[in-house]
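Here the chain labels run A, B and C in written order, and each chain numbers its own residues starting at 1.
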Amino acid sequence: MNWTPDQPMVSIKNVHKAFGELEVLKGVSLDVMKGEVICIIGPSGSGKSTLIRCVNALNDIQQGSILVEGQEVNDPDLDKLELRKKVGMVFQQYNLFPHKTALENIMMAPVRVLKRDKSQTEVFARELIKKVRLQGKEDSYPGELSGGQQQRVAIARSLAMKPDIMLFDEVTAALDPETVGEVLTTIKELAEDGMTCILVTHEMGFAREVADHIYFTDGGLIVEHGPPKTFFDKAKDPRTREFLSQIL
Amino acid sequence: MELFFEWFRVLYDTTGINLPFLYDSYDRGRMLDGFLTTIKLSIVCLICSVIIGIVGAWLQASAFTWTRRFVNGYIQLFRNTPPLVQLYFFYFAVGALLPKVETDWGGQAPMFGSFAWAVISLSFFAGAFNVEIFRSGIEAVPKSTVEAAESLGFSRLQIYRDITLPLAFRVCLPALNNNLVNLVKTTTLAYAIAVPEMLYEANQIWSDNVNVTEMMFFLLIAYFVLVGVLVWGMNSWERNMKIPGYG
Amino acid sequence: MARPEFKTDLPVMLAPPERRQGEPLRIKLWHGIALFGFCVLSSTYVFADDTQAPASALSVLVKWMPLLLSGFLFNIVISFCSMALGTIVGTALGLGQISLIPVVKSSSWFVTQFFRNAPWLVLLFFAMFLLPFEFDLGFVVIPFPDWVKAIIGLSLPVMANVSEVVRGAVRSLPSGQWEAAESLAYTRQQTLWLIILPQCVKRMLPPWMNLYSILTMATVLASVVGVSEVMTLTGEALAAEGGRTDLLAPFYSFVLLIFFVYCYPIARYTVYLEKKFAVKD
């Protein structure tokens, strides 16, 4: 664990992952530096969601190495709690706990898992609610909130753990078009604050605006990557060009 | 109060409607005991059957094929045979198998009395339904919600206690309450092995007083009120447990 | 609009996923029979060596089997009759519950709830003691033997449950059906008989069969009030053998077994129908 901030915060090396017969990742490598925002794009089924789920050890990998701040994720004796304190994750389906209010959802993990002081956590949780612009919704249950509001609670819930890295797994894919903007704004502000972010997204305009680096995956491999400007305007690989022409 | 009870004696003298469990203190005591026994039997069976349900649902998720088969066999057995025969089987057949125990004054007594056997038999009967109820409740909790908790660093036990069980319980509640109502009605079977519950005591009273008609109507009304109150209480509990924004 | 329409697609309150067909978990009929066979055989074996009984428990059981089976046949007869009676009266009661006439509606509701809340055994006692032993129509006297009273007593809870099944099925149909029929100038009667009820039959079948299974298992209650069905005969057979304790387990197991063999296929078929109809709806 001799990680220093000048080394990559997340270092993925030659990762292979298969679900039974189906090989989803066929040797993926990428590095993320501290404070960097990277976007992973690509057609559905190309393994991009699987990749970031592996970073959080929600899926295990068969081969390769994933280092998060120097901690090896591909390790049978992995301290999952240690890893998950560092890595926050937001899902496509929000996955809030439906029987807890927005505030309770945010406070639950710090209090239960990290055994932090309850009243201090509450102060912090209220700050986070303010940050995601949901003042007044503290005592609402997830079922009473719109999709965009639920997703912002989910972001606040992850932030309450004070993670170093945030993973976003197609967080706007299930939202109504009119609420996509409010969630993207929240993520953008987060990125501007210097949070290290890995996003899987279909929002190309957003990726272009916030990302420092864009990776394009297809068939379990990274086909092409680069800074947004070169990636979107001067894509070399025909697969990338075809994908972009369909999307844009 | 005495005046109220006396009124029923007058009622008997003038109209012939005989309700001894109201004006006669001895019969009143018997009826009250019967009522309390019914309640006690219901509560003890409820607790045991819920425990059987939880353990069964846990065993049903076991990795061993034979454990699962055993639990499934138990469920099908107890659901598809008459509870009365189950009761007889436990009380007479299994009861005869168990060794006798020495009583305080040197006599021999069966290890379990009729009340205990009623509890055992009815709990297994109701438990067979509870296993299925709990299993479906746990399956109804989405995997993605569990995953979200996992990504927040919750341990398996914490997830089970804070997320899965509270959510599964809410899904189970209507079916569980329905089963509880059935359980209360099924306690009348204990009559057959002479557990002094409400039906049994009413039988004693009508044997002594030859007032079957009155006792029958009283019993029907008593169960109607008892079950009615229970259903009403359960429904309002269900409403309270409802998560805002769902359904 | 008082409340904006929110998207609440967290699947928490969804019904549990269906068990897949052909899963190794599914218990087959022979599992139960094997288990019962094991119970019967092992219990006879357990007692075999500690009694100087002239005949083994199993051979005694075999001797009595024809009688017990004929007793069970009587249970089936009772269950058929009670089911028929309860279904006819219960359907009428259920239709009463959806009547537009307030008096009919509320009284049907009350009768349904009253008999639904009462324990089966109490209703059986009720019928046993309060029905006359014969019914005089003036020109002909209809005798009411105990088993006829038992049929009536058991049909009371069946009636109440069928009533609820009918009401539930009618209410579960989308209101569009009523509206469509009304716009085509059907009368309420016509709508009910030509449009609504034919669609309900499918929905009512699984709970109705489930009820039949419960009823069949409840027919042994008649033994408590002295009708000579399988349980009564079992008791008599045991008494005739001189109250040998080693016979108790095999005899009761046998009664359990015949009920299981009869009720389990019904239960399986009910589950099958539920699944089949659930897909189409």
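By our rule, a contact is a pair of C-beta atoms (placed from the backbone, for glycine too) under 8 Å apart; a residue touches a chain by one contact, two chains touch by 3 or more.
Only a predicted model underlies this, so the values are computations on that prediction, with no experimental measurement involved.
Of all chains, the one whose Cα centroid sits at the greatest distance from that of chain A is C. Taking the mean of all protein C-alpha atoms as the reference point, the chain centroid lying nearest to it belongs to B. The interface with the greater number of C-beta contacts, when B-C is set against A-B, is B-C. Taking the mean of the C-alpha atoms as each chain's centre, chain A and chain C sit 55 Å apart.
Annotation: 20 Å between the Cα-based centres of chain B and chain C. Centre-to-centre separation between chain A and chain B, using Cα means, comes to 50 Å.
Counting partner chains per residue, chain C has residues 6, 8, 10, 12 touching two or more of them. Those residues of chain B in touch with two or more other chains are numbered 142, 145, 167, 243, 245-246. Residue positions 93, 95-96, 98, 142-145 of chain A each touch two or more of the other chains.
Looking at the complex, you find that chain B touches chain A at residues 142, 144-145, 147-155, 158, 162-163, 166-167, 170, 243-246.
Of all residues in chain A, only 56, 58, 80-81, 84-85, 87-89, 91, 93, 95-99, 108-109, 112-114, 140-145, 154, 157-158, 161 touch chain B in the complex they form. For chain C in complex with chain B, the residues that touch the partner chain are 6, 8, 10-17, 24-27, 31-32, 35-36, 43, 46, 113-114, 117-123, 125-126, 129-130, 213, 217-221, 223-224, 231, 245, 248-249, 252-253, 255-256, 259-260, 263-264, 267. Residue ranges on chain B touching chain C, taken from their complex, read 60, 65, 68-69, 72-73, 75-77, 79-86, 88-89, 92-94, 96-97, 135-137, 139-142, 145, 167, 171, 185-189, 191-192, 199, 212-213, 216, 219-220, 223-224, 227-228, 231, 243, 245-247.
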